[in-house]
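The letters A, B, C and D name the chains in turn, as written, and every chain counts its residues from 1.
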Amino acid sequence: MSGYYIPSEGLQSFAQSLMAKMPVVAPVAKGKRFIFDQLGDVAELRLDYDTTVLPPKKVFFPPKQDLLEFDEGKATSCLDPQAKVLLGVHPYDIKAISMTDKLFSDNYADSNYLANREVAVIIGSNVQTPYERAFYGSIAQDLELVGHDAFLTKISDGYVLDVVTEKGEKLIADLGLADASAEQTSEAEGVNAKADEDCPVKLPFAAGDVSEKVRNSFKSEIWDELSKDCFSCGSCNLVCPTCYCFDVQDEWGLGASNGKRYRRWDGCLSSEFSEVSVQGGSENFRENRAERYRHRFMRKTAYLNDKLGAPACVGCGRCAGACTADIADPVNTITRIMES
Amino acid sequence: MCDGNNNVGQDGNILLPKEVEVVEAKKVTASETHFVLKMKNGDAMDYKPGQIVEAGVLGYGEVPLGFASSPTQTEKTGTFDLVVREVGKVTKALVSLQPGDTMTMRGPLGNGFPVEEFEGNDVLIVAGGIGLCPTRSMIKYILDKRDDFKKFTLFFGSRTPAEQLFVEDLDVWRGAEDVDYKEIVDNADENWKGKVGVITQLFKELDELNPETKVIICGPPIMYKFVIAELKGFDVPDENIFVDLERRMKCGVGKCGHCQINDKYVCMDGPVFRFSEIKDLEEAI
Amino acid sequence: MAKVRCAWFDFTSCEGCQIEMTNFGAPFLQLLDHVEIVEFREVMKETTDEPIDIAFIEGSFSREEDRARLESIRERAGVVIAFGACAATGGINALKNHMDMDDYKKCVYGDDSNMPHLDTQKAMPISAAIKVDMAINGCPMSRDEFVRIVTQVIHGTEKVYVPSYPVCVECKLRETVCRYEEGDHCLGPIALAGCGAPCPADGIPCEACRGMVVDANQESMEKVLQENGGMSEKRAKDKSRMFTANFRSDA
Amino acid sequence: MTTQNASIKVKHVTRVEGHGNIVVDVKNGTVETCEWRVPEAPRFFEAMVRGRHYSEVARITSRICGICSVGHTLASVKATESALGMTVSKQTDLLRRLLKHGENFDSHIVHVLFLVAPDLLGAPSVFPLLETHPDVVTKAVLLKKLGCDWASLISGRSTHPTKVVPGGFASLPGDAYNPRMAEDELKKLKKMILDAVPMVTDMYEVLLSLAGNIPAFTRETEYVALVDDVEYGLYDGKISCLMPDGARETIEVEDYKSVTNEWVSPLSTAKYTKHNMDSYAACALARINTNYDQLHPEAKKIAEGLGFAVPCFNPYMNSVAQFIEAVHSAYMAVGYIDELLEMGIKDEKPVEPTKFSKGASAVEVPRGLLFHEYAYDEEGLCTEGNCIIPTNQNHANIQLDFDKLVPELLEADKSEAEIELALEMLVRSYDPCISCSTHYLDVTFKK
């Protein structure tokens, strides 16, 4: 649709005018890292962030989400979508969001996710500071960048705002933004065209080859070796923008018969994840670490490829950084398998 | 697959269950209760044999359970059956429900047995223990539409005579002409006059088995391997063998990830699988 | 619904878990709609000899002479809940389990250390003396978990779901920046969750006050403590004695 | 005299923290035995800290006591800071003082309103009061929650604080991860405290109506408390010893052992202390007797209203002193918050050690003076620790109170039940924290 120009010093007032319309969720600093949080003070906006601890999926699919409330045996849905702007989403996360959009709408549409998703306006942002573990430049390349409503690109003296949907256009219509000049637009295009080159880590294998080789390694002993230090902590699952597994639990309230049912993010690396009762007994279908570790890599590189049109990994590098034992990095693991 | 209309609750919330009334609740063994149920608000329960539901009690949770009745019964009476074995938190809350109480339900879910493919063929059903519940749905269906199927053989094994489910059905099947029914128990008691041993022994009594027979296996995981080995002896191809799998399920609609076996979601792609589809999936059986 | 008769008992502990009971504010009064407190020495004079529905036992089992009292509580109680880390795992008191009794007695009481009333044994969870039905874990016990478990027990659930995964899960769910990323160390990867991971969120390491997860990868933990936590081998090896002495492979 | 012989046996006297025994043996009108005993299971914290890293020590010694765990933590980090040559920032000092007031308020509310008030109302516990005085109990519960929230906001949690570490704070108040949010959290706290003032006034009215039920008993003793130039001694300062004649002596914290002079009694797993007299008291009464001038004017008004005057030698008045201190703490807190907001909150990292040696500290916890002392080796591992807790310091004083009180009660012809209650109330008024000292309060009367 249309391109606008925001001077460097105009960014905060741009964000401020968005905040006047609805809550703005954007990257802010937290300790040595960044998180997406509702902006309280526009000065805290950090578009120069490398990556966030948790991916922005949390905005639509909160780590803990109430599904229903009940009292005296009657259940009611807890859907309560709140319109907001999700500002500063990096391209790899936009890709991941379009993956979760698909996963939550396929077969049975899950309104607990989709209702939140539909009311959000997503403004993407180019990566100004690549995360040291990121490899988005060499994975899920074929996947089209869709799902966002507008995109901010940092150029030498400001930002170019590309508005790509009507939702986006509606949001900024009355902000009086200046149109971007042809030079500004082409500078932004240049920035985005070479974005992948700046990505610090490279995965030097084609997705199809990886998928095939990883599948074929199903019975290899390499998984035992790779997972030896694994804590089954599931951090690699939880920080992943394309992971979406969950657990459901009921919780009583303090009244006589009230309570709620909620879901929380779950991960296939935890040992309770694959426990089942069979014939009344208890069994675990992925009892040891190696099986669980393998399942994750199968999911990331092979199982979902057909459905998603790309591997279920966008190369954000979050899992690599989150794993205390440093064994979750897809680049390292895939390389080991490809070379085995 | 049935269309999802039955499934979607208020606000289009797929995870919001509907209310079901307990019509009958009968304790059939020390740990199993047989429920006869009816949808509230006049909704219909439109399912196929082998499909499942997420049944629950508010405040305790939901669990996947297979239909134990045939849709042919439901068409007539408007009721359907579930059998619940008490093993833990949710199942305990379920078995404590009494006639008139409310159970919550989402479903039908899953694929069920490919009934059309079975029509016009010989059918063998091998059920172990509580595996008789989901298969009862198919057994009843076949018996209700007996002319649509050729030879029908049914093997049922349980640990002890006391643990036998559906004793009234068993009585009928034992005497019935249109089903070749064979049963066995692992451990007999003083009143048991039948066979004692593992379920695979029943194959020894079969003179022949048409390799075109469609076979359903449902029981404890350990049973699958041995039954399939017997079927190999009769040259039954893997394409003709159907297994019913159990996994932990939280959503039942292909989202939560708990039931995933390699590429497959048991709740969406199953719980019924053609053996040829999953025999190479290491984690499946 | 009839009120559930609850009683609190204490053994070797700091009584902090009991004090947490007074920290609920208004929800505590709401809870009293369903719960009748029949014995709680720290806040009331009343006692009971009648059967109790739920007995909450605080403190670890650290003296043989306490066994009889524990057994009598078990006999009178329908459900026994280990209340807090000391009762659930031995807690901080087990930090001396690897030491020699004469040594630690002498350290604290000097020349008077041979007085017999100072004798103790290894600090153990109360499950070392009696059957325990469930635990409200943590040092101090988690108030949220208390409400979660008690409301379920009130509604007749005998097998209450409690997480079996490590603290890292809860840390991620609340988006805490990992201690290791801040240049610190942490026992979260082997520590049993359920607390909501308050410590890393507050900027300090998880000390695994709820004990370790089943099948904790202790070897990998030692390695991580050294490589990422910057600890000496000795410190890395000793690290998990604080709250998880009874879980260590050398226990 | 009719009570020639007394035979009362009460097991597990209640509403105190930890277990202690009283054995009184009266034959033919003569008191033969009158003993205060502490048979709590010893816990050996001083042995357990050996070999632990300085960053862990406060987390361990906090577990000495769940009720004054904030105080233990503060005493511990202060001793460690002294041993490691760490000087904390002004912001840390102010936040810790604010925290200390939070703990004092919190603990005093529990003691006065939940544990002592039932005695004054003739009830066995606070629970029957829910029926008879629902309004009072509800307010007490809310005030207790305020105390908990207040201390938790600064320290992470009021039982076994997380954020208080050697060198400063591990993180900003509340859930803040930046200074702007921290300031918002402090503003919230200020509002919470100010909103609670009317409830405190209501509690004052209740206490005033019950003041007549407080036993009139006096015994002159030595009072030991902290004196601080900055404020009414709580968080920091020097040790002051106040004699019954008004003589004062000031002692440096490093020389605490010259005050405590610990000794082991066969009656107790806790150690006893003594200084100039055969016993001394270290409690709210000791503090208020020592530092009355520095009380906040609003707290002085409450004291005057309650007819409280210093010096006060009635140990039962310790509970009244605690209530006055609670009011003092509320007003002081508001002042500290204003000062912090004026300075502006900064995101400070805890300061690092500059040496590894030995150091001691003193902090007033709700029930009296607390000392911690540690030594560290070059790796920052603790080589020795010493903790002297207030209840220990009060054991001998309780004993001497008993020695004077029991004959007086016998003289006044009190019934066994009355004597029993008077002794229990006396023990309770000290707000003893026996698990601190190392559980069972048995009162045994032998004939």
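The definition used in the following text is that contacts are C-beta pairs under 8 Å (C-beta built on N, C-alpha and C of every residue); 3 or more make two chains touch, one makes a residue touch a chain.
Quantities reported herein were computed from a predicted structural model and do not represent experimental measurements.
A.B. asks: Counting C-beta pairs in contact, which chain pair has more, C-D or A-D?
C.D. replies: Between C-D and A-D, the larger count of C-beta pairs in contact belongs to C-D.
A.B. asks: What is the distance, in whole Å, between the centres of subunit C and subunit D, each centre taken as the mean of its C-alpha atoms?
C.D. replies: The mean C-alpha positions of subunit C and subunit D differ by 25 Å.
A.B. asks: How many angstrom between the C-alpha centroids of subunit D and subunit B?
C.D. replies: So the centroids are 66 Å from each other.
A.B. asks: Centroid of subunit A to centroid of subunit D, CA atoms only: how many Å?
C.D. replies: Computed from C-alpha means, the inter-chain centre distance equals 50 Å.
A.B. asks: List the centre-to-centre spacing of subunit A and subunit B in whole Å, with centres computed as mean CA coordinates.
C.D. replies: Each chain's C-alpha centroid was found; their separation is 38 Å.
A.B. asks: Two-or-more-chain contact residues of subunit A, please, as numbers and ranges.
C.D. replies: Answer for subunit A, listing residues that touch two or more other chains: 30-31, 249, 252, 259.
A.B. asks: Touching at least two other chains at once: which residues of subunit D meet that condition?
C.D. replies: Answer for subunit D, listing residues that touch two or more other chains: there are none.
A.B. asks: So which bits of subunit C are touching at least two other chains?
C.D. replies: 155, 161
A.B. asks: Throw together a list of every chain pair that touches.
C.D. replies: Pairs flagged as touching, ordered by label: A-B, A-C, A-D, B-C, C-D.
A.B. asks: Under the touch definition given earlier, write down the residues of subunit C that touch subunit A in their complex.
C.D. replies: On the subunit C side, the touching residues are 1, 27, 30-31, 33-34, 147-148, 151-152, 154-155, 161, 163-166, 168-169, 171-178, 180-182, 186, 188-190, 213-217, 219-221, 223-224, 228.
A.B. asks: In the complex of these two chains, what residues of subunit A are touching subunit B?
C.D. replies: Listed in rising order, the residues are 67-68, 70, 73, 75-77, 79, 103-104, 106-112, 115, 218-219, 244-250, 252, 257, 259, 261, 263, 266, 268, 273-280, 283, 285-286, 291, 295, 298-299, 302-303.
A.B. asks: Enumerate the contact residues on subunit C facing subunit B in the complex.
C.D. replies: 155-161
A.B. asks: What residues on subunit B touch subunit A, complex-wise?
C.D. replies: 4, 7, 9-17, 31, 58-62, 85, 87-88, 102, 104, 128-131, 219-221, 246-248, 250-251, 253-258, 260-263, 268, 282-283
A.B. asks: Under the stated contact criterion, what part of subunit C meets subunit D in this complex?
C.D. replies: Its residues touching subunit D are 10-20, 22-26, 28-29, 32, 37, 40-47, 59, 62-63, 66, 91-93, 95-96, 99, 103-105, 107-110, 112, 115, 117-118, 120, 139-140, 198-199, 201-204, 207, 232, 235, 238, 242.
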